[in-house]
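Here's a structure for you.
Labels A, B, C, D, E and F are assigned to the chains in the order they are written; within every chain, residues are numbered from 1.
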Amino acid sequence: MEQLNTLWLSTGLANFELGQVIMMLVGCGLLFLAIAKNFEPLLLVPMGFGAILTNIPVAGFSEVGGLLHYVYYAGIDTGIFPLLIFMGVGAMTDFGALIANPKTLFLGAAAQFGIFATLFGAIALNAIPGFEFTLQDASAIAIIGGADGPTAIFLASKLAPELLGAIAVAAYSYMALVPIIQPPIMRALTTEKERKIEMAQLRHVTKIEKVIFPLGVLLMTIFFLPAATPLVGMFCLGNLMRECGVVDRLSSTAQNELINIVTIFLGLGVGSKLSADQFLNVETLGILGLGAVAFSIGTASGVLMAKLMNKLSSEQVNPLIGAAGVSAVPMAARVANKVGLEANPHNFLLMHAMGPNVAGVLGSAVAAGILLALVGQ
Amino acid sequence: MEQLNTLWLSTGLANFELGQVIMMLVGCGLLFLAIAKNFEPLLLVPMGFGAILTNIPVAGFSEVGGLLHYVYYAGIDTGIFPLLIFMGVGAMTDFGALIANPKTLFLGAAAQFGIFATLFGAIALNAIPGFEFTLQDASAIAIIGGADGPTAIFLASKLAPELLGAIAVAAYSYMALVPIIQPPIMRALTTEKERKIEMAQLRHVTKIEKVIFPLGVLLMTIFFLPAATPLVGMFCLGNLMRECGVVDRLSSTAQNELINIVTIFLGLGVGSKLSADQFLNVETLGILGLGAVAFSIGTASGVLMAKLMNKLSSEQVNPLIGAAGVSAVPMAARVANKVGLEANPHNFLLMHAMGPNVAGVLGSAVAAGILLALVGQ
Amino acid sequence: MEQLNTLWLSTGLANFELGQVIMMLVGCGLLFLAIAKNFEPLLLVPMGFGAILTNIPVAGFSEVGGLLHYVYYAGIDTGIFPLLIFMGVGAMTDFGALIANPKTLFLGAAAQFGIFATLFGAIALNAIPGFEFTLQDASAIAIIGGADGPTAIFLASKLAPELLGAIAVAAYSYMALVPIIQPPIMRALTTEKERKIEMAQLRHVTKIEKVIFPLGVLLMTIFFLPAATPLVGMFCLGNLMRECGVVDRLSSTAQNELINIVTIFLGLGVGSKLSADQFLNVETLGILGLGAVAFSIGTASGVLMAKLMNKLSSEQVNPLIGAAGVSAVPMAARVANKVGLEANPHNFLLMHAMGPNVAGVLGSAVAAGILLALVGQ
Amino acid sequence: MDSLLQTFIEAGTLMLAGMVFVFAFLGLLVIFINLVLVKLANKYPDPIIQSKSKPKAKKTNIASNGVTPQVVAAIGSAVTQYKQKHGDKA
Amino acid sequence: MDSLLQTFIEAGTLMLAGMVFVFAFLGLLVIFINLVLVKLANKYPDPIIQSKSKPKAKKTNIASNGVTPQVVAAIGSAVTQYKQKHGDKA
Amino acid sequence: MDSLLQTFIEAGTLMLAGMVFVFAFLGLLVIFINLVLVKLANKYPDPIIQSKSKPKAKKTNIASNGVTPQVVAAIGSAVTQYKQKHGDKA
């Protein structure tokens, strides 16, 4: 009898709290978005699952001795997992389109206005009772506008670990929503004629350019923004391994097995931060709202920058590729391509949009470094 | 001269103790079984090797600073390695046969009687002088009857780490001996006519059933047995990654590179517990004996349950597939198929036996959770 | 304004020290050698990159909380990474040529004279003011003569961690320089006639010999030199997994994904020891000089041993394969083959040179064990 | 001896509670499958040409006989070219 | 309210400094590409038959149509053998 | 200077002891190979058609010329089919 009572007391049913139930539903919601709607499934499947596990009563997944506790503290609190993901992403990135058309770097730069405008907005939210974002919090939230998952997780783990769950959810959700968020903004800010602009074919980029490029980026980051070197450095290491041609087996492992292993653990670890007390509050609503604003502003800034560049230079760029500057590689570039095809069925913008797209990755890593340097500690 | 003396004193010959020599021979025995007899080689090769390494005098593999020390404390003491193996096994498991014929779950449940009867037997052994198994010890030993390596290692690391080596040896040895242990029991408990029973072809299982199934299993475990959620949760995560169809690269890595890497370390770490003081005692003999009993009882229970089901229902099941309920995937299912073919050369039971086989995995994870909930701490 | 000042103070430009700049140039030099000259790129690319990262001011890669700090202390200080590399190398090594012609073990033994002569030389350098190598330091330096990267890193991490960077640079550089260092020595010590010696075809080696060989090597190491068992043990584990034929998936992972992952981290971690204060001193010059001496002496000893064996036995060996005894697998064997072809275009020595080549790996692991046993602690 | 008896009783209870729980749990799973999954299967049947099963089938195809459709196509084309080059008499 | 204003000003400065820095940094990269990389590209053009692009091309070839040159060769040889065996009338 | 001499002697002893040990160790390995392994090889020779070497050979085969036996079979079959379809005159 006592045994049965022990067993009953050890069940989930006897120990559930409402918050845990809600957070499990949130986890199920993430799984649904990932599996049924194909929303960034590689991260959202383990993350949604991690959210369920961490909220199981009694089981103690995220307490000392629990699996997710180890995963979080060994991999995310230290920054190791996002940095390894960044190395893998670097090994997957081809900077050819960017090197062939360096002007697109300005589009990637302009799109970062989404980050900094959101930072301002997050502080402004403090005027509403209930919100009390510090500068650190606001910076971690603003980076959602960078549309780059590992960058957001890395920065949030350094500046506002208690917001990490909500920030990651927002970042990956909006990245998945890029095909829905961006097109109306792109169409509203451009004329039919602009969307029809065809761009010159990109020049051939030689091997040596691709090898020296990551080293040059790293060198400049070292000179001007050491705080960004963890992110930029690991990214450039991955890219150098890809391009140098003498360590193909390392590059392949970084792009495949290593990034897959780390992605599973990163997702679980981020999911473990989706606990009721950290997620179920008005701040999460603020984060979700600000994230949407950040994406929209970033998209608009990229498009407007392209239009400005067309004013200043005779060589015309299709302003649609400016939207790809938010990063969200390669989704944003595909969106630019698709909207372009609607206006001109013979106009393939994909390769041209890859320039601002990868520029956006660098841009948000730089922005993260600036925020770390200015509001870190 | 002094140098030569130092060198001599540093040799193994000058430092061997008898127990170490014997344990090295045990390690060599495991290697022999693995390589020459094909006994669960994936785990027994690293485990036998680990047993040799850990018993080398002077070298200190399992002392602070030694490789096996790190492997054991980082991966097994924390439970991380068995859980990752379980995730990989989940990603390899197809629940189709089980979903198509859910009644086979009862066969998987019945076979767990091997575990609980052995628990009783282990306590009974205390009546013999020399045996002093606590309830924790007895539970860790009994789980051998679950015929599931990672489950046994996980439970033993939590309840009786000092018995871990012997338990793992017994569990994997008997899993390898399934083709020898099971057939006589199966034949003794069934009539020729029963062994000839042909079963209806399994219905087609849709994708959505396979996706929802692991979530349903997890949900029920959360409700009724949170203590089992580490094992069941990681298993279901692996299975969900397999079936959801949107994270194939993660599923593939979990089934291949990640499980391979972890298997090497798990084997080495378990082998590091095969030290003379923990293995060379009468308790190990008890464990080996109880393990054989557990397997036999589990097999018999599965077969008898199938016969009982045939009495109660008009839809007949071949009782041979009941033996597959002990798990030992997929060996036990193959044994059922083979014994079935002897009686009826046109009767292929393999797919039907996969149902109880994977049910047995769930069943022993549930049993492990019950033991953790009732005697843990 | 204050913000801008903060930003300026956080730049690299405001914080650079001369030593850091020089060490970054050293890192770039290693990258150049790896990429443009194909010098052991698998290790030198991550190592050169690690050298750059660790010397970035402000970023703190190698301070508590930095990525390279974790990598170094978790993987190199513990010895785990070199041992895993050694396991992978074992899984890649075919001892067939050695078993078929066991005499070549003496060539591998002779080449280790490079190690012990260099040990003597390093102590001798203490006579020059500015050098103060302890026996530990001298031993760690001398192992460069073993021409085996992971062995050198493992020994240096145990005996002289503050010299690890310089020792790894020297070891890998000279391994890459084998095709330049060895041929003149080989030609100088042999006559045209000797270089033309053709060797009998190697006998077929059976599977059981290949399976038992690593176990025999391990057994002898346990008996006579337990201090070498970490290195030799992991090597033999890898080799056993390769040859036993029942764990091919583990062997494949050890040779590919696992060794690739570990190589990236090993390189980064070793690179993190290339800091100005530990590298920019006269001792590094001594290490570089002694390393070259060690390689040359090892090469010469191997060749001379082969000539001595020809004097003592009627069965002739081509003395060129003696040079392969330094290990540097498989480069040294290829060099022997190439120099042999110059003298006799129909004389393919590659397979014959693989015997001393892999013997050299065992030989230097044994030498490392001796040094650990005699001067360790 | 008394404490042994007590342990026995404890072990017996454990055995009973355990088996009851295991059967109850897996029995609930049977109900879950029969009620929930079967309904889901009827409501969301697999599309006739599954987008996912296609590449799988292709992979199996390659794995089982090592010949891809492309190879077959290439053979066809090679035979055709050969025919044209050599003036087929058929 | 005062502290809110101060935070606003801080946030504004941050926004300004950040955007200036991002533009400056990526602008310098533009200069780096136009000055350094383009010069390097002129000085060290890719060899006409790139040693690296060859295996890549091969891989793509296999990936895109699944037929390796070896298969084509094998087909040719099979056709030849068949011709010889069956006495070609062409 | 005295301590230097002492270190020299120590290094010399180390050199001697080390080389003796290395030669002794690898020499014992020679004996091990000649006595144990060779005997084992005679007692347990490889089966003539090694079960393990078969897949290996197959792999090498694929690796070295990219043509699997299946492809060859497919070619044969394609040629046969072509012959049948077009009415072989051979």
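As a working rule, a contact is a pair of C-beta atoms (placed from the backbone, for glycine too) under 8 Å apart; a residue touches a chain by one contact, two chains touch by 3 or more.
The structure displayed is predicted, hence computed values, not measured ones.
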Number of hops, chain C to chain F, where each hop joins two touching chains: 1
Shared interface numbering between chain C and chain B [over half = same, under half = different]: different
Remotest chain, chain E as reference, centres from CA atoms: B
Where chain A and chain D are represented by their mean Cα positions, the distance between them in whole Å: 34
Centre-to-centre distance between chain F and chain A (centres being mean Cα positions), rounded to whole Å: 47
Multi-partner residues of chain F (each touching 2 or more other chains): 10, 14, 17, 21, 71, 75, 79, 88-89
Of all residues in chain B, the ones touching two or more other chains: 3, 7, 224-225, 245, 257, 370, 374
Chain E partner contacts - residues on chain A that touch it in the complex: 99, 102-103, 105-106, 108-110, 112-113, 115-117, 119-120, 122-124, 126-127, 135, 138-139, 204-209, 212-213, 216-217, 220, 224-225, 245, 359, 362-363, 366-367, 370-371, 374-375
Contact footprint of chain C on chain F as seen in their complex: 4, 7-8, 10-12, 14-15, 17-19, 21-30, 32-34, 36-38, 40-41, 44-46, 50, 52
Residue numbers on chain A that touch chain B, as the complex places them: 3, 6-7, 10-13, 15, 24, 28, 31, 34-35, 38, 41-42, 45-46, 49, 52-53, 56-59, 61, 65-67, 70, 256-257, 260-261, 263-264, 268
Residue ranges of chain B touching chain A (in the complex, touch as defined): 78-80, 83, 87, 211, 215, 218, 222-227, 229-230, 233-234, 237, 240-241, 244-247, 249-250, 252-254, 257-258, 370, 373-374
